[in-house]
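Below you'll find a set of structures to go through.
Below, subunit A partners subunit B and then partners subunit C, in two separate complexes.
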Partner chain A sequence: MFRIRFHGRGGQGMKTASRILGTAFFKTGYEVQDAPRYGAERRGAPIFAYVRADKSAINERGIISHPDLVVIADDTLVGMPAAGVTQGIDAHTLLLINSHDSASTWQQRLNTEANVLTLSAGEDVADRATLPFISSRCAAAAAALTGVITREIFIEALCEELDHLRQDIIDQNRDIALSEFDDMTVNAGLAKQGGLATASDYVKPDWIALPFESAQISNLAIHAGVTSVKVRTGLWRTMRPVINYPNCSGCAWICSTYCPDGAIKVRTDGYPEIDYEHCKGCLVCVAQCPPHAIESIPEHIARDQEVGETT
Partner chain B sequence: MIKQSPVHFHRMKDMPSTHLLGTGTPMCAGCGGLETLHTMYDILGRKTVFVNAAGCMTLLSVYPFTPFHGGWLYTSMASAPAGAQGVRDAVDILLQKQKLPAEEDVEVVVVTGDGAAYGMGMSATSGAMDRKLDFIYLCYDNEGYGNTGQQYSAATPHAALTSTSKGSHGYPGYKKDLFSIWAAHNPAYVATVIAAEPLDLAKKIEKLQTMTGPRMLISLAPCPTGWDYEPELSVEIGRLAVQTGVWPLKEYVEGEVRHTKVPKQRKPVDDYLKLQGRFKHLFEPHCDEQAIAEIQARVDSYWDKNAAK
Partner chain C sequence: MTRKLLTGNSAAAWGARLACVDYIPAFPITPQTEIIEDLAGWIDRGEMDARLVTLESEHSMITAAGSAASSGVRAFTATSSQGLLYAMEMIYAVAGWRTPFVMVNVSRGLASPITLESDHNDIMAARDSGFLQIHCATCQEIADGILLAYRLAEHPQVRIPAIVNFDGFYLSFTREPVDLARAAKARAFVGEYDPENLQFRGNSPLSQAMAVLGGGPYSYFRYEAHLAVQQALSVYDEIADEFEDIFGRRYDMIDCYHMDDAEYVFVMLGSFSTKAREAVDSLRAAGWKAGLLRPRLFRPLPQQRIRQLLRGRRAVGVIDQNISMGMGGVLHSEFATALYGLEDAPLLGSYIGGLGGRDISQQEFFAIADELKHAYENGESAPPRLLYTRNELTEMRKLQAIAQAEHAEIHRS
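Entry: the complex of A and B
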């Protein structure tokens, strides 16, 4: 059975990628499950979708914990524990990462025996949540890596799944997906099927067993207010607003009021300060700043700069 | 409870510089509804209990996280005003029995989306207004069932694409006039607001704080996810909704409707529509002049009728 997980950010179309791949498998004669993880998906937030495909009936259900292939549309997700990108990967797994860094860099960084391939899409794209055609490219690369889906069937599946779009957009997706499929064909078969999982093979996750407690103990009543600040929504950000203080005219009531999240504080000196732990990167402040003193820079560049400053 | 507003809002500079609502909520980046809520909460203050019908904002308080300083109650879509009645009664009984000091009295605030306000929750809301329940109701109106993928609701505007109105002409129906329906109940206060006009919003919150009884607010809530636009445009689109006359800012007090911000020279509705993916089919690949003219005519007709108010 093939077990494939797609990781991306809300807005990148990983659900579409999994649907295209699932349909391609189905048309090839496989039994298929494909599903996005349903939850509070938000643009920029980590999401995943998965595909199971087998020649016989699939009895497995739920999230794929031991994937054969993991496709990562945005490499900044790897460092986010909440994204669960590296969950269950081992020497059998093939990782396909959309990244400018090399496969060997990733192998070292993750300290993994998993086979790593890279896909370098969108080198010129600033906002990584909007990488063009990334869903079609990821689906095409995954299909080629399985080695069992033909070019013709893949394109048939892609056109079927994108049927609701305008013809010129479908055509663009098809052309880009085809070139990705062809580029990846040299690696056909690298994504190998995993064995059948039986109930007796089931290994319990590495959880800490807790005794059963009554609701009063296990589900504590929380009386503290404003606990939401413990959630670091700053990890959603793909673009970072940066205040250029020499140009800031100190009308902090404007950016601070318009920030939907209340993530812009007014300092005692009257100037605004952005709370990067929680700023989601909507960039309303950039659009509303009267003297245009807030600029937006790609988050990965901003992080590289931070690392540079501290070393 | 002592009804008074401690601050007076005359200009943008008077807007609160500290924010009570916690960061770290799961609302989408650029959420126009959250923008209204945080401004409203800054002014209402900590002595509030929120009663939240199922919808996007249900996600505000997911155990163990909450952005509020005080209580929050979750109800089904149709019954938030009934939940508010329960909280109000409980607080009143505690006050009467002197088990709660008068200074710890709270304002009960219902928060629902348009799915609940314009549709499922209308009966419970009507009942609460009949009973003159002392509460505030905020409807964040993003013109569809946003939390489940933007299916159309009774608040969806004509011609908008939703996930259940995907045809080439979008949603065939028309947005329900909830303001008039609520006003017909003669509650203490009804107003339309929008976060992109914070001063107008603040003045209205300030005003309703001095009143008792049902105080009803409908906030148009630009929604990057459901309306399909870049999150940074949320305030711009909100402002255009007012400037084009699509979203009239008004209030109802003691039988009178008054417009609080009348656009002097209304911009064409195109300016508002063309920024949003849900109306893109009106402009591409061919300009649907007939549909745009119809939308414009409805806006013009509204203002012609209401010019004097």
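Entry: the complex of A and C
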């Protein structure tokens, strides 16, 4: 059985990628199971999707804990424990990362025996996470890596899954996916089908009896104010709103009122300040500011600038 | 053959469409909403001849479904988790009206704490309502189960509403190959809805007696509803035979896997049972005589058939994805009741697993089989067990440490 996981951020189309690959397997004659896990259900938040494909009926269910292939559409997710990108990865696993850094860099960084490849396209895109048609590219690369899906069947699957889009957009997706498929064909078969633990050879679960604990310990005493502060939703941001203070009229309420996350406060001097730990980058403030004093810049550029300022 | 990849939610929408439903009162809730979205899309594009109305709550939604069925139209609705609980007053009420319709419940754990993931405590809360319950393990079973449910619910010997239940995420958002019935064949199978003496009309208002004085009449109506639910056992096989003749798929009220010579048996409901199937294959390959028994029909519970199927087995592990506080697994209790006093009854082990979507690994099924074997050899069942590992508790302790730090922080400021 093939077990494949796609990791990305909400909005990058990892569900679509899993469906294109799922349909391609199905058209090739495989039994298929594909599913997304929506996570926080927000644009920019980590999500993943998975595909199982086998020649006989699939009885396994749920999250793939031991993947054969892991496709990572946004390399900044790797360092985020909640994204679970590296879960269950070992020497059997093939990692495909959309990154400017080399495969060997990733191998060292992750200290893994897993085989690592990077997505071939996109050298000319500064922020790899904004690579256009990323879901089609990831699906194409994964399909080629399995070595069992033909070019023709892959395109048929892609067109079927993108059927609701405009024809010119489907055509663009098809062309880009095809070039990714062709580039990845040299690695065809690198994603290998793995097995499961068997009843004659398995590690016993380390079960414990849950001890009784009084309500002082076991009630749900987790309080909102502080937990919302602890969860750094600013990590979900792909675009950053930046206030251009000379243009700010100091209206003292519009951006801070419209911010759906309460991430803009008004200082005592009457000017707003954005809390980047929690701003999700929805850019409602950019749209609402009457004198257009808030601009949006790609997060990776803003981060690079910050690094430059501190060194 | 129109075999295609469909999510459980799409399969449910197709089931309703193929059952030629007329009226769909709706209210959104994760992970069920896509069912209603699919149906709304078809109706909007003129591909399906039905009326969909969004109500202000699940409570009203169930009232509308029951009322519609009382006026002679075929009604369909869907909900999940907290929505099912919010509707509970009317769930019991409409079952008492003896108005047949089909509701899908997409199983999801209940608050508190709140979760979006699958768990059977929601559907267990509707256990005693009078609704029939069909539990599905695959997307194929969802589409087919809805057709079967209408036949069962509308059968003159039964005439009571039915719930078709399936797991959130594990089926609701998961695509699998589904062989959709041809519309004409499905139409012929479900037939016309005959509301018999349910004759409400909007243009000729009537009042219906709903209150009784004294326990005699009350007991009569309640026990008649119980007998009607039990009647579903005697008409089920004939409907399943007819389904198999037309569509070629067999749906016994109890799904048996390698039960012929099984010494050790897993008992489960819903989609997690396919994991048990996988484990049975692996155990068989390692020389075990393992099997799986899965009630598809949970209300009525086929007690006699369970006794026939489990008599003489060595030990049975009942894995419940629900928990009745202060008692344990509901399915375990029901199986203990069904097997009580049976000669050559197997030992019964109780396992709670899969709460809030918690996965059950293959290793855990193998370890359960091992425990069942020890129980048989010692002549005594092991105590009930929550499937929970040391590592899970360690992770929980980390979360508690954060909560404590926050607590301290709040009280300092």
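Following the convention adopted for this analysis, the second predicted complex is superposed on the first by the 251 of 311 C-alpha atoms of A that agree within 3 Å, B and C clash if a C-alpha of one lies under 4 Å from a C-alpha of the other, contacts with A are read in each partner's own complex, and residues count from 1 in each chain.
Basically, contacts are C-beta pairs under 8 Å (C-beta built on N, C-alpha and C of every residue); 3 or more make two chains touch, one makes a residue touch a chain.
All values reported here derive from a predicted model rather than from experimental measurement.
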First, second, both or neither for A:L220, with subunit B first and subunit C second: both
Touched partner set for A:D206, first subunit B, second subunit C, both or neither: second
First, second, both or neither for A:L21, with subunit B first and subunit C second: neither
Partner chain in contact with A:V71 - subunit B first, subunit C second, else both or neither: neither
First, second, both or neither for A:K230, with subunit B first and subunit C second: both
Touched partner set for A:G262, first subunit B, second subunit C, both or neither: first
Which superposed partner A:R166 touches (first subunit B, second subunit C, both, neither): first
Common ground on subunit A, meaning residues reached by subunit C in one complex and by subunit B in the other: 220, 222, 225-227, 230
Residue ranges of subunit A in contact with subunit B within the complex: 40, 42-45, 164, 166, 219-220, 222, 225-233, 236-237, 251-254, 256-263, 265-266, 275, 277-278, 280-284, 286-288
Subunit A - residues contacting subunit C, complex: 19, 22-23, 26, 31-38, 58-63, 65, 196-200, 202-210, 217, 220-223, 225-227, 230
Footprint of subunit A on subunit B - complex, ascending: 12-19, 21-32, 34-35, 38-39, 46, 59-60, 63-70, 166, 195-196, 198, 224-225, 230-236, 285
Parts of subunit C lying in touch with subunit A, wherever the complex brings them together: 5, 7, 112-113, 169-170, 173-177, 271-272, 274-275, 277-279, 281-283, 285-288, 357, 359, 361-364, 366-367, 369-370, 385-391, 393, 400, 402-403, 406-407, 409-410
